[in-house]
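What follows is a single structure, and I will ask about it in a moment.
To keep things simple, chains are lettered A, B, C and D as they appear, and every chain counts its residues starting from 1.
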Amino acid sequence: MPISALVWGENVHEQTSRVVAGLYPLGMHGTIAAALNQDKDIKAGTVVLQDPEHGLTEERLAKTDVLVWWGHAAHGKVEDAIVERVQKRVWEGMGLIVLHSGHFSKIFKRLMGTPCSLKWREAGERERIWVVNRNHPIAKGLGECIELPNEEMYGEPFTVPEPMETVFVSWFEGGEVFRSGLTYQRGAGRIFYFRPGHETYPTYHHPDVHTVLRNAVHWAHNPMPAWTAVTDAPNVPISAAREPLVEKGPKLHKDGEEGLR
Amino acid sequence: MPISALVWGENVHEQTSRVVAGLYPLGMHGTIAAALNQDKDIKAGTVVLQDPEHGLTEERLAKTDVLVWWGHAAHGKVEDAIVERVQKRVWEGMGLIVLHSGHFSKIFKRLMGTPCSLKWREAGERERIWVVNRNHPIAKGLGECIELPNEEMYGEPFTVPEPMETVFVSWFEGGEVFRSGLTYQRGAGRIFYFRPGHETYPTYHHPDVHTVLRNAVHWAHNPMPAWTAVTDAPNVPISAAREPLVEKGPKLHKDGEEGLR
Amino acid sequence: MPISALVWGENVHEQTSRVVAGLYPLGMHGTIAAALNQDKDIKAGTVVLQDPEHGLTEERLAKTDVLVWWGHAAHGKVEDAIVERVQKRVWEGMGLIVLHSGHFSKIFKRLMGTPCSLKWREAGERERIWVVNRNHPIAKGLGECIELPNEEMYGEPFTVPEPMETVFVSWFEGGEVFRSGLTYQRGAGRIFYFRPGHETYPTYHHPDVHTVLRNAVHWAHNPMPAWTAVTDAPNVPISAAREPLVEKGPKLHKDGEEGLR
Amino acid sequence: MPISALVWGENVHEQTSRVVAGLYPLGMHGTIAAALNQDKDIKAGTVVLQDPEHGLTEERLAKTDVLVWWGHAAHGKVEDAIVERVQKRVWEGMGLIVLHSGHFSKIFKRLMGTPCSLKWREAGERERIWVVNRNHPIAKGLGECIELPNEEMYGEPFTVPEPMETVFVSWFEGGEVFRSGLTYQRGAGRIFYFRPGHETYPTYHHPDVHTVLRNAVHWAHNPMPAWTAVTDAPNVPISAAREPLVEKGPKLHKDGEEGLR
């Protein structure tokens, strides 16, 4: 059974900017989904901010293995309740791939617990994405680097937690560097942040970028059943203790009572 | 100049439970602050949930080097705006020590980005806290373990991110284990989670626990100036680029314009 | 094509101890290989210390995807040249699973860069191995813990580097704890250390232990081509620089000359 | 009492290259030690490869808090027995700062457990070292980056383990990037790798480089007593178990017997 991927697109600049509409007539989400669907082991669909519940209903999320997120102009328009729903699904095991300006999305900031801030410059400069960990599954099929002739610059410090793995580091023509491919684990869910993808450049038409996106979907996919109880804090009664145990001392709770939270 | 520590107490069970009031006539926060003040290089005060703004005004946080947090019954009563204020101060460099049931506090869950769930049992059983990383500054002055005759059990899985360092691991009489001393970095702030401290036991009167608390305040203290711009995403104009740069390609923003967020 | 696993056995106590010979008539290596071969996607063979080149010829290693290592009494008899050969294969991408007393093997100490010391007691006590990261591929198919009625105790501090992931933590009847499932990455190779497996107990006949071993082989398998140049330090001549570059300043080396090492 | 630092110099190119001798009339080690001694809380001395026991006697190491290592042409001339001695001292708590071409020193490769390979080019190009973690003690007093007009290029992949913290990342004029400030913990010892410092350029005369070196000595200093037993594997006899324990099952060892290694 193929991996079920869902590409979430903000779909704002595609509607308001002639440049973006011209580059991405399918929407950025549509272009990304098409790139994923070139892999027969992935089946990718799309939803957008403007859909009911931003397209992220309980049902849709329940059957999604990996969610891909691109947003920029409208982070604030994403409902908090939906963000919490997505976050819980990640904790349960859904993979999440956050792209470019998604660094400031509510979902990414909540999962990182940090500001996720950075420096930036929109000058269409050259970006060279170096493969740091060439044996990482996300780097499969790449050469020693990816060259993008025109990209927005993102510069360090990128205020995220130290990652599980640093997969890519970017060089920019104007003199900056950026850790541009980072992996994280949150609960049962794997998260990959991938830097490039400014909407005024044809980045999501680049074959190496397609390779990374497909690899990342495979890497982030957790085939185990959803850990639906991940937020629970179960009481283990004395009678169920693994070792013989006699209650001692004063206590707050009655046996079997639910905990405070 | 001594380190400025602030102990935040929920101060609920001290008022409602005769057992807790009897064990902690100064309040748990008062007992903890007194233990910190035994170190001449620390100056600790206290505030409680019931204070205006929960005692966590901008002014008070600005002059706090390390915040110590104990809460259990009233996590939900802590205002979101205050939690965001504390989180920003941590990112700017304030240290944070989260104790016991504080694992489910809003501030800890926000900084971790995970559920922070666990298993528990209130049976007054024996806990033995083993020192894993005996050269860690937080373990200074301890023997190979700390023995607490009566404690609440917390059992794995503890759904937090993989820590920077695992300082302690606990053994419980009833058969469980728990990673009971974990360090994290978020922005400029250092965070230490320390497991023991159920309110119906005299844990915060134990000399080894005092040692850990004092060590943790020293470890979490970041003497560098507050990183007040930690959430900013500054534009670096082309004219300020470190390398000569010529603008190329289409763009969204005018030069010097603020970014979207 | 199945994963090619190779189980390396020291094969000393099987020959000198009636207890061990009685428990493991196939040798411990033989029992472990049989457990792996129950998975149709793994094809496991065995070699022993006493084989020419300890069974670890260049040819054999080149076609091995994952090596499983059990040793105890004869770490010092493993030739340094063979250890270096195995280490290079790990860096190139071969997975390595180090079992129990293998914590003091030359290969494990070299890959960790630390003493790998611990405390121990041979009392046949109960060990309970808790799953910390239940969504980890190595924990697939397990319950919340594995109970072994008789095992040797290993206690913290275990002097290894902070792992990539803490998969298991053990509870011992005598009061100690141990981080008993740890993952590492070294070059292109993945390493898993798994604690249980003292030779006087039937641990390698336990179905949950079999599950862990099979899962670990899958996890450690890197399907990408061997990174045979992993120890090289190639010169990038000025003419091959990605950006136009003019030589400046004095230098030690002539262009294209090999580096010092 | 000031921190006792010791700068180890290979002292080969200072003798054989007129360029190096001209830049570093005190030797590179002498220049580095002088920079450290500008800090009244550090007292730095020097030793060189050519000294008896390379200057690294048991006595000298025992009173050294932090060792700074620069080597390039003669890694192979460092005696293995001395390398093992230094490694044990690091495990016991001595800090270690490895500079530039020291990435291929025996001591660094042993402590990392990886090839420590990289790409390089000697073209005197510009290096810009970006501060990734600006609140790290090693970055204290720096601006957002350090600019070196002429340096040797080191390029990724740098085959080291994922660090505890990524403090600096370098940009090179010729188009490469490199993680140029990395921290590690091995036993009780802290390790910092710092990239710049090719012998044909005046890098160790740069004030920002001096700042980093002094900060790194402070960071790597572990004030706790040496963990001299770090390589021991003590038996815990049944009679000394923390919980009442009855011996069960067969065993290899007699009570109190030393373990195998």
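FYI, a residue touches a chain if its C-beta (ideal position, glycine included) is under 8 Å from a C-beta of that chain, and two chains touch if they have at least 3 such contacts.
Chain-to-protein mapping (UniProt): A, B, C, D = Trehalose utilization protein ThuA.
Here the structure is a predicted model, which means the values were calculated and not measured.
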| item | value |
| --- | --- |
| Same-site or different-site touching of subunit A by its copy subunit B, using the half cut | same |
| Farthest chain (mean CA position) relative to subunit B | C |
| Between C-D and B-C, the pair with more C-beta contacts | C-D |
| Between subunit C and subunit B, distance of the C-alpha-averaged centres to the nearest whole Å | 36 |
| Distance between the centres, which are taken as Cα means, of subunit D and subunit C, whole angstrom | 27 |
| Multi-chain contact sites of subunit D, meaning residues that touch two or more partners | 128, 133-134, 155, 162, 164-165, 175-176, 185, 187, 242 |
| Topology of the chain contact graph, where touching chains are joined (line, ring, star, complete, other) | complete |
| Residues of subunit B that touch subunit C when the two form their complex | 128, 130-134, 155-158, 162, 164-166, 169-172, 175-177, 179 |
| Complex interface listing, subunit B residues touching subunit A | 13, 17, 19, 72-73, 75-76, 91, 101, 104, 110-115, 117-125, 150, 153, 155, 159, 161-162, 164, 173-176, 184-187, 199-201, 230-238, 241-243, 245-253, 259-261 |
| Subunit C - residues contacting subunit A, complex | 93, 128, 133-135, 137, 140, 145, 147, 164-165, 185, 187-188, 222, 224, 227, 242 |
